[in-house]
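The first chain written gets the first letter, and so on, giving A, B, C and D; residue counts start at 1 in each chain.
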Amino acid sequence: MLRDNTSKVVFIGGILIIAFGFFAPNWIVNQLMFGFSRALAILGLLVLWRTGLVSFGHAFYFGLGAYTVAILDIQLGVTDVFLRLFGGACLAGLAGFLVGFIMRNYRDIFFAMLNTAISMVLYGIIVKTESLGSTDGFAISLPTIFGVAPETKYPLFVVITVIAMVSALLVNFYLKTTVGRLTTPIRDNEIRVEYLGFSVAHAIHLKYTMSAILAGGAGALMAMSLGQVDPDSMINWTVSGELVFITILSGPGNVIAPFIGSLVFEVLRTYAFELAPHLWQLIVGGTFLTIIFFLPGGIWSLIVKFGRNKS
Amino acid sequence: MKKRFMTHALGMVAASALVFTGGIAQAKDSITIAVPSFLTGGAAGPFGIPAMNGAKMVADAINKGTLPAPYNTKGFGGASATLIELDEGGGATKQVAEYRNLVEKRNVDAIVGYISSGNCQALAPIAEELKQFTIFATCGTPRIFEEAPRKYVFRTMGHATSDNVAAAMYVKEKFPDMKGYTGINQNYAWGQDSWRDFDLTLKQIMPNSKASEKTQFPKIFAGQYGSEISAMSLDKADLIHTSFWGGDLEAFIFQGAARGLFKKKIGVMTVGGTAAYRLGKKLPDGLVLGARGPYGILVKDRKSVLNQWFVNTYKNIYGIYPSGPAYQYGQAILAAKIAYDKAGSDASNEQLADALRGITFESFSTTIEMKLGGGHQAATENGYGITKYDSDEGENVVTDVKFYPASCVLPPDGIDSVDWINGGMKGAKC
Amino acid sequence: METFLTILLDGLQFSSYLFIVSAGLTIIFGVMKILNVCHGSFYAWGAYTSAFFIGKFSEMGMPDGWGFLVILASAIVVGLVLGFLIEQVILKHMYHRDEVLIVLATFGLFLVLEDVILIAFGTDPYFAYQPMALLDSVEMGGIVRDVYGLTLIGVAAMVAIGCWFLLNKTKWGTILKAVIFDREMGIAMGINVPLVYTLTFIGGAILGGLGGAYIAPTISVAPGLGTEVIVLSFAVVVVGGMGSIMGAAIGSLIIGLLRALAVHELPQVELFVVFAVMAVVLVFRPEGLFAPAKPRKI
Amino acid sequence: MKQSKPILEVRDLLKTFGAVVAAKDINVDVNRGEIVGIIGANGAGKTCFVNMVTGYLKPTSGSIVFDGIELVGKGPREVTHAGISRSFQVSQVFHTMTVAENLTIALAIATNRGVRALSEMETPELTLQRDAVLKRYQLENYKDMTVNVLSQGVRKLLDIAMAVVSEPRILLLDEPTSGISVEEKFDFMDVVMGALKEDNVTVLFVEHDMEIVERYVSRVLAFYQGEIIADMSPKKALADSKVQEFVIGKRH
């Protein structure tokens, strides 16, 4: 039942959150911005995951998006939020399209690992290149919106939320199309898909490129809302791990799940860090294991269960 | 499963409630100071933990009013301070997010700390954006106050330029015959700046010596330097400069010493002071050792009341002599006290900044003049010595200690370090 | 000539290190099809355990030569305890799940174990220089080398020969190869596959622990040392071909020698070399140099 | 029945795997509307032949011309697009999805080629079509059941139904009745053949069961060691001595 209402929920929820953000304290707005930005990447991973593909290297595209924003800002002085986002998403999408020619032939763990390998190549290049900021990375100026430099973060928050809404709706629509529905079928039986007349390679290539665009956009928005990029927080394999973690945490059930999952992750990390600064990895890792073992459908499955119990 | 999740959620709600009430309860008789430092990772042991210890010890003494005069008044402008300990690890981006949380969520009054130059560089603009009174304690890159004027950000120790200019001057004085030099530095702002300043200064003051073409820049926390040591052993240079710190430095000393590197070459370690007490007999003799200013082993025997208080109290509590980071964090906390004493415990960020800007104060081991970067960047003397194991005492000592005054090793206010060195260090009073 | 010899030795030494840490990873992958992210934890635990006990024994006045026994014992104990626990408590219940989910579980484990190290050993670094000091140094090719570092080459050779012998000359090797080739066939042949898995995982864990335990005397054993190792061993395994011991050996040699060359001749590209090799191999042979082509089952 | 030009012309087909010859000297013409039974012992090259025609295996040499189009060098997808579908010896369906979902996907792929794959999948027309197929193959009762829980017979029906939704001109069935009980097999074949007759499809099917062959086919191709040893009507074929010796004899 929830699925049919997804568009409505996204639309109304988005508007409510934008209104809420106006009154919310800054730190909550920040958490929402970080959560929604990252959720875009999760949306892409969700599309892949439904097809049975898990990428352990999407920090590659996330980082590409983020660093594109940094280069646009520092080298070219581009401040407009949409230009930066467009740049980040496009570059990541282009890279994803090219890498996709290799990736579409791989499945399972090989797919996961090849992605890691490629992301580590980018990591190695950036860490070693002084003009790309090496380990330090770059600070990024606050973006302008329609030529206006905003006084607070709120306008950026509105932009991010709207983009998150649009992306969720687009992905939701995509998942209803024929190629979008080719998720479980590909996971179940590729040969049959081929004999039905659809190219599995093309379908995966499309999904992969989509996920790259989304991850690039996520990186770009993240860079702008944080105001900082660096390789260890944007490209290292641990970041890819985090993205997958949030995907599992969210569950593949619905395009809304990534947004909830990302927010939960953001809150979890903030509090883990606050309450046990020495042990936040243990808390995050422990949660991860718990989800894998006891809640394979992620948070979304809880919501569905809750909804069922009620009705 | 559901239960599990609910308890989790409840835990978070409870936790946030705690934080909120903590915020409300805060009044003029107490303040919170966030102290970020490395609590995990390779830098924790040699740097982060001593630093945190120094901060805790000094804050504790201030709260009790047990610091020697003239700082024997109780509290920070009368208020007692609670320290929030934070991990500085995880990269600059994560620190930016945490910093925002500190200011906007946890409503801390002041932020005092940071070891990594990468973090400081990323956080300075954020601090300015959030208008948050912040004192950087240890990080070294000169870029922070050179790339933009700051209003809320301070640093209570000299920057890396003074470390490396002083190192070059010390080399000139003690090893006038040095013909060539090479370096191994970490591949980020700190290492790059350090090497550049050292190299440029030597080009000015020892024009006959030659820099090696192959200087090493391994990644931070690499841990193994076998090939690098071989390469430097084969290099014709007779001196090796390094700004390594923490675990990297200790690993490098071990591996180099085992292979006789420091018998063949002069080792100059700008941050070597932290290793002196920790490595004991394993520290080779004859290293040129700095402590990024007048701290740690270089000033252990300074007789001032403040210094003796610091050394003895630290030794009593932690069982080891205080190294540089302990001093640096201690004096940053002290600076916070001075600012609060002057502006009052309920002072705004602006008032606190005004109170600290441009002042001169006596710290534990030296005099600090906040005279660079528009009164935001400290200028202190800087010095070096040569290591020697004292087998009678069973500990390392430094000999031939020589200090250079601030005006000798730091550029005048408003002039960038690199320009100043390249211009022949005009106005240096040595 | 001097330089050439030095590069060769440096390269061999680094290759040996790479091989020891990646052999366990590739064996586990070959047999169990698990990319074990917490291999880095085995390494870290091995390093901590050996550094801790070498220090303790030295304080107690035991001769420094005991250090070598401590190293070996640490690797075995860490491998047995951690390997057994992780396999029995976590992985065993996941074999029917998606391979990728198992990778993720090991990632979660890695995070947890990183902090458990902090709880167990604290944040202060450990030094265990005694075995290295004991072996002293020699002059080779005009520069001084520590003998301990050179023994690393011997240890790597022993590991390689041991693996080769086990796989090709013993009954166990035949069983392992059957399982590597086809898990279902192994079961059909009456092989106790769960037991093979447990033992393989412990074996891989011991090798991971050995890497850490053996390198511990040359480094400052400090928190966070496992993260770097994962990336390096991962690169080796990708280059060599996942699941192939031979591949791991060749991958280690290629990366180790090229890196040594870079450090001596062009230090700027040193870190990049590792990833450049990986990228080139990926583009031209994405399955790695030595991986057997995986048949697609219909 | 016979028309001037055959719909499928196979010429001098050869397939070797190293030293093993899997198919040799295969020459067959199939005319529109024929129902051809392919018989032979295990390993005689029947499935290999089906795999070559449907693009799963590439012949070592020879040609396969379908309605004027050369198929050699084309993959399964292109062969499907050309108008040839197949079912499998072991049913190849989406086992974690329901019967209805399986058919919906099959129909959607068949209808929405190219850019139209990016239009919404579940339209009312598609649902109508799907229900019609469900009815024709008597799958209505299983509509919402997951394939995992279904019997082999139902899976095979679904497998065939999915192959037919793209409205192929030739359909190749690889052992449609294998795994189906003796009692069910005639009912099963009645459903399948009845439905196929409505669609007027040319059918080639591999079959071990001579009763089925006798009852449903108009022509028999008998394979032995990679070669066709008989190409004749079922009655003649079953009486043929070579067929009896190499095909039927071996089976009993």
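Just a few scattered comments:
Following the convention adopted for this analysis, a contact is a pair of C-beta atoms (placed from the backbone, for glycine too) under 8 Å apart; a residue touches a chain by one contact, two chains touch by 3 or more.
Since the model is a prediction, treat every value here as computed from it, not as a measurement.
Both chain A and chain D are touched by no common chain.
Listed by label, the chains that touch chain C and also chain D are A. Measuring from the average of all protein CA coordinates, the nearest chain centre is that of A.
Chain centres were defined as the mean of their Cα atoms; on that basis the chain farthest from chain D turns out to be B.
Centres computed as Cα averages put chain A at a distance of 32 Å from chain C. Our note on geometry: chain A versus chain B, Cα centroid distance of 37 Å, whole angstroms.
With centres set at the average Cα position, the gap from chain B to chain D is 77 Å. Annotation for chain A: residues touching 2 or more other chains are 127-128, 191, 278, 280-281.
Touching two or more other chains at once is no residue of chain D. Multi-chain contact residues of chain B (touching two or more other chains) are listed as 39-40, 187, 219. Checking each pair of chains for touch leaves A-B, A-C, A-D, B-C.
Chain B makes touch with chain C in their complex at residues 39-42, 44-46, 48-49, 89, 187, 214-219, 221-224, 226-228, 230-231, 233-234, 246-248, 250-251, 254-255, 258-261, 264, 279, 282.
Per the touch definition, chain B reaches chain A in the complex via residues 1-2, 4-5, 12, 15-16, 19, 39-40, 85-87, 90-94, 96-98, 100-101, 104-106, 117-118, 121-122, 125-126, 129, 186-189, 192, 219-220.
By the touch criterion stated above, chain D contacts chain A in their complex at residues 54, 75-77, 80-81, 85-86, 92-97, 105-106, 108-110, 112-113, 116-122, 162-163, 166.
Contact residues of chain A toward chain B in the complex are 25-27, 30, 34, 127-128, 130, 134-137, 139, 142, 226-234, 267-268, 270-271, 273-275, 277-278, 280-281, 290, 294-295, 299, 302, 305-306. Chain A makes touch with chain D in their complex at residues 173-174, 176-182, 184-185, 187-189, 191-199.
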